[in-house]
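Labels run A, B, C, D, E and F following the written order; every chain starts at residue 1.
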Amino acid sequence: MAINWFKYSSPASFYFLAGKMIPFFSIAAVILCLAGLYIGFFVAPTDFQQGEAYRIIFIHVPAAWMSMFLYVVMAMWSGIGLAFNTRLSSMVATAIAPTGAMFTFLALWTGALWGKPMWGTWWVWDARLTSELILLFLYIGFMSLQAAIDDPRRADKAGAMIALVGVVNVPIIYFSVKWWNTLHQGASVSLTQSPKMATTMLTGMLIMSLACWMYAIAMVLIRTRAVILERERHTAWVGELQGAA
Amino acid sequence: MFLWIIQRDLLLAMRRRADVLTTLFFFIIVVSLFPLGVGPEMNMLRIMAPGVVWVAALLASMLSLGRMFSGDHLDGTLEQMLISPQSLSLLVLGKALAHWLVTGVPLVLMAPVLGIQYDLPADALLVLTASLLLGTPVLSLIGAIGAALTLGLRGGGVLVSLLVLPLYIPILIFGAGAVEASTAGLGAGAHMSLLGAFLLASLVLAPWTAAVSLRISME
Amino acid sequence: MFLWIIQRDLLLAMRRRADVLTTLFFFIIVVSLFPLGVGPEMNMLRIMAPGVVWVAALLASMLSLGRMFSGDHLDGTLEQMLISPQSLSLLVLGKALAHWLVTGVPLVLMAPVLGIQYDLPADALLVLTASLLLGTPVLSLIGAIGAALTLGLRGGGVLVSLLVLPLYIPILIFGAGAVEASTAGLGAGAHMSLLGAFLLASLVLAPWTAAVSLRISME
Amino acid sequence: MPAFLASIMPTLQGSDLACVRGDRQLFKHVNFSLETGGLMQVQGPNGSGKTSLLRMLCGLATPAQGEIRWDGSEIRSLGGAYFGAMTYLGHSSGVKDDLTAIENLRISSALAGAEIDGEKAHEALQHMGLGGRELLPAKVLSQGQRRRVTLARLLVCGTVLWILDEPLTALDTTAVKLVQGVMEQHLKQGGMIVMTTHQEIEIAAVATQRLQLA
Amino acid sequence: MPAFLASIMPTLQGSDLACVRGDRQLFKHVNFSLETGGLMQVQGPNGSGKTSLLRMLCGLATPAQGEIRWDGSEIRSLGGAYFGAMTYLGHSSGVKDDLTAIENLRISSALAGAEIDGEKAHEALQHMGLGGRELLPAKVLSQGQRRRVTLARLLVCGTVLWILDEPLTALDTTAVKLVQGVMEQHLKQGGMIVMTTHQEIEIAAVATQRLQLA
Amino acid sequence: MIWTSLSDFLDMGGYGFYVWGSYLVFLICIAGEIILVSNRKRTLLKHLSLIHQSTKQEKRNETSS
C-alpha cells in the first residue's frame, strides 16, 4: 500500500487543493455574472441596427469562445496525459468535456435564436455554423467513447486520440469567417485593432466572458474531484477520507 | 509484408463476396432513391447529383468500417499483428488500402453510371469520378482511426459514426464542391488539389494514429 | 401475448440502447450531410427537404430490418415462437410494431427539428411529420416480410434490400409527394389518404405474409 | 554472467511484476529469469493470471509494476527486434474460418515476418498430421485440427522464444506427443519456452522452472 | 427389455449410424445403446468425427444413414419432448461476451426451458468457483472461468441426458475434480452422459462404455 | 435608464422571445449542470461509504478468524 500511496499522491493532493479553490471561483463567477448582466441589460445602449435583439451577444459570444477554448484545453490535457502517462491530466480532460459540450450547445442555441430575427432563418449551412456543429459532435464523440470503455486507462488514451485529432476543427471555426465569405459576423475583438463596438457593450461582453471562465473553472474542478474519487476509490487515502467523514 | 496484408484481405473479401456487394448495392440504392423522393425535374437533379453521390459514398464507406478490424480482433489475428516485427503503421496502411480496394474502388467505378442517371455532363462525370478517386481512400484511412478506437466496444456502430463523421465532412464538402465548381465553370483545380492534400496528409498521419489507437484498444 | 411480445422487444431495445441510437443517429447524419454536399442554398434545400428526409427514413428503417428476427433466430427464441399455440401472425404484428416503436417513432419525432434546418415552413413541417407517422409503420410491416424471407441466409443484407426496396418505393413517392403537394398549395389530402390506405392494407396483409415466410424460412 | 555474453545468449527476465485487472490485483512481486534452453511452466488455477502474465511477456499488455527485459533491455523499447525473436500462440487460435489451412499458415507466418513458400507450409502441415486437409477451409476442420494448424507455425517460425498459452487443448494423445517432441527439439537447440497448461506433461529441458501464481 | 418399461427408463440408441462430411466418410456402422445411469465415452483422434456424432445425437445434424432413438422413437419425430430431456454443451462455450456470468447462465437456462431465479444462478456459479465474479461481463473472464460459466448449466438444468463435448478443456485440476463429481452425482441419480475428452479421466458409473471412432 | 417599464423590459423591443429564450436556456443549462454534478458527487460518496464499511467488515472478519 505504501507504493500506491506514493503513486496516487498527485491526484490526492490535487483533490484537496481543488477543494480549497472551488469556493473562490464560484463566488467570482456569481459576482461577475451579476455585474455583466447589469451592464448588458441596464447600461449598454440599444443597437442602432439590431435593436434589442443584439443583447443575446452577452451570452452568445462568451459561450462560443468557451466552447472553442475548452476544447483546446481538453485536447492539451489529454495530450499531456497520453505523452507522459500522467493520470491527473487525463482526468481533468475528462472533466472538461461536459462543460465544453454545454457551452457549444449554448452557442448554437443562442446563435439560432439570434439568427431568426437577424437573418430570417434559424439555421444556415454556413462555414462557421457548420463547424460549430461539428465541434458539438466532437465533444459528444469524446464523451461517448469514454463512456463506452470500462477500463479508465484505455478510456483516457482513446479519448486523447480523438481529442487530438479533432483539434484541427477549432482553427476552422475561428477562421471560417475569414476563409469563406459567410453570413456570420467577423471577429470584432482582436488584439491588433481597436474594438468596433460601443465600449459598454464590449465591457459587458468581456465581463460575461470572465464570468463564464470562472464558472467553467469551478465546474471542472468539482467534476475532477468526482472523477478522482471514482477512479481512486480503492486507495488508502480515499478510505481515510471516508474514515474521517 | 504490406502486400501480404492487402492480398490476404482481398482474398478474404473474395471468400465473403456478400459483404462487398452489400456496400456497392447500398451505394446504388441511396443514389437511385433520390430522384424518386425529390421528383424528376432534371435541373434540380443535376444540381443535387454531386452531393447525393458523395453522401452515398460516405455512408457506404462508413457502414463498412466495422468490418475493418473486428474479424481479426475476434479470432486473435490482431494480437499476432501487434506483436509482428513489422511496423504496425504499415500494416494498418495495408488494411486501410484493402478496405479501399474492396469498398472504395467499386464505388468509384460505379459513380459515372449513376451520374448519367442524373444527367450530368461528361466533364462533370469526369470530375466526379476523379474526386471520388482522390477522396474515398481518405475515407478509408480516417475510418481506420475510428474503427481502431471503437474496437470491441459496446455500441461500436454508433460510436464509429459519431467519431468519424466530423472528420469526413471536409472531404464531403470539397469533393462535392469540386464537381459544382467545374459545372459552374470555375474549374475544379483548387478543390482537387485540396483533396489531394487531404489524401497525402492522411496517408502520412492516419496509419500512425490508427496504429497507436489499436495498441491502446488492445491493451 | 401480443403485448408481451412488444414489451419484451422494447425491453431488449432498452438494454441495447446503442442499436436504437444507431438508427436515429444514422437518420440525423444522412439528413444533415446533404446540405454539406449540395451546398447551402436555402431555396434548393427547401425543395429537396421532403425527399431527403424520406429517403433517410427509408434507409434507416431498412438498415435495422436485419435485427428484427435475427437475434431471436440465433438464440433459438424464434423456434419457440413457431411452436407457440398463439397465432403467428399476431406475433409478427407485435414484432413489427415493436420495430416501429423503436426505429420509426424516434424518426418521426426528430423530423421536425431536421426540417427546420432545411428552412421548411411550419405547415410543411406538419405534413412531413404526419406523412412519416403514417408511412413508417408501413415500412416496418413490409420490412417484416423481407426480413422473414432472408432469415439466416448468406448475404442477407443485400437480399433484404433487394426484396424490400421495390415495395418501399411507392411509400417514398407518396410520402415525399405529400409534402411537395402541400408546399405547392395543392393540399396533401390525396397523398395522405393513399398513405393511410397503404397502412391499412399492410396491417391486414403483411403480418400474415410474414408469418408464412417465417415458416418457410425455418423449415 | 559478464555483460558481453548476454548479447550472445539472450535472457528473458521479469522483475517485480504485478498485474491489476479491473479492481483486482492478480499477482505481484513475480520474478524470474529464463535462459537459453530453459523452459518455464506457469502454473495456477483458472483466473490466476497466467494468460495475463503471458500477454505481458509478449508486450501485448503493460505490467502495472515492474519490468520485463530481453537481452538486458526493456521489451517495450526493443519493439520489432523483440517481436522478431518471439512467437506467441494464445487461447484463440487466430485461424480464419474462410481460409484454407495452408493459406492460414502461410499468412500467419508472413505476418510474423517469416515468409514461407507453399512447399514448406505443406510439409509443416503434413508433419502436424493434417496431410490431405490442407485445402479445406478452416471452418470445417475439427477443433483439434484447427489447433494443429496454429501449432504448425512453430515448425516454420525460426524464433528463439516461444510463448505458448495452453498449446495442448483439444489435441489428442498423438498430437500431444508430437508437440512435446517439437518443444524438446527446440529446447535442445537452445530455444526458450514459456508455457501454461492444465494437463500433466513432462518436457525434457536443460533447466525447467515452475512459476506458481496464487 | 419389455416395451412398457422403456417409457419409464428412457434409453438412447443409435443404430448403424454413418457420417459423411464433405466427400469424406468419417464413420459408419456405429451402434450403441445407453441406459439409465450409463456413461458413454466417445474416443478417437482429432477429426475422427466425435463432435459430428454428438451433434447428431442432439438433433443438430442428420446422420447420413441409420437412426437415433430416444425412448424408442426417432429423435426428430420427438422434437421438443426430446430437447426438454437433454442438455448439450459443445466446443464453443456459447457465452455472450457482453453479458455477466449470472445473466449468461440465467438466459441460457431459460432458453433451454428451465427458468431460474437469480438466487439459484448465484448458487450454481458459487459452486463452480465463480463466487465474486458473477457480475463481471464474460469478456473479462479467463478462459477457464468462461468454461465454468457454461458448465454451471449442468447444475441447474435438471435434464436426464447430458451430451458433453470436451467439457474439461481449459479447466484447472480443481475444476476437473468438481465437474467429475457433478457427473458422478448425476449418474448415480439415474442420469445419462455421452462425452468426449482427450484427457485421462475416471468417472464412476454403473455402466461405462467406450465408443472408439476410426 | 433604458427601460420605461417592466413590460417594456420583457418585450425587448419586440425581440423578447429570442432574447429571453436564449437567456432562459442558458440558465437552465447551467442549473442543470450544477444539479447533475452535485448529484453525481452525492451518489458517489454514498457508494464510497458502502464500500468502506464492507471492507472494514471484511478486515474485521479476517482478523477474527
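Here is the rule we use: a residue touches a chain if its C-beta (ideal position, glycine included) is under 8 Å from a C-beta of that chain, and two chains touch if they have at least 3 such contacts.
Keep in mind that what you see is a predicted model, and the values were worked out from it rather than measured.
Chains B-C form the pair with the most C-beta pairs in contact. Subunit B maps onto subunit C through a rotation of 180 degrees [Cα fit, steps of 5, range 0 to 180].
Using mean Cα coordinates as chain centres, the one most removed from subunit E is A. Averaged C-alpha coordinates put the centre of subunit A at 38 Å from the centre of subunit C.
Centroid to centroid, with C-alpha atoms defining each point, subunit A and subunit B lie 33 Å apart. Note: centroid distance subunit B to subunit E, computed from Cα atoms, is 47 Å. Taking each chain's centre as the mean of its C-alpha atoms, subunit A lies 17 Å from subunit F. Within subunit A, residues 130, 150-151, 234 each touch two or more of the remaining chains. Within subunit D, the positions touching two or more other chains are listed as 22, 91. Multi-chain contact residues of subunit F, defined as those touching 2 or more other chains: none present.
The residues of subunit D lying in touch with subunit E in their complex are 21-22, 44-47, 50-51, 91, 129, 133, 136, 140-145, 147-148, 166, 169-176, 198-199.
Interface of subunit B with subunit A (complex): residues 145, 149-150, 153-156, 158-159, 162-163, 165-167, 169, 209, 212-213, 216-217, 219. Interface residues of subunit B, counted against subunit D in their complex, comprise 1, 4-5, 8, 11-12, 15-16, 71, 74-77, 79-87, 218-219. In the complex of the two chains, the subunit A residues touching subunit B come out as 130, 134, 137-138, 140-141, 144-145, 148-149, 151, 153-154, 157-158, 161-162, 165-166, 169.
Contacts from subunit C toward subunit B in the complex involve residues 16-19, 21-22, 25-26, 29-30, 33-34, 36-39, 44, 47-48, 50-52, 54-55, 58-59, 63, 154-155, 157-158, 161-162, 165, 169, 172-173, 176, 180.
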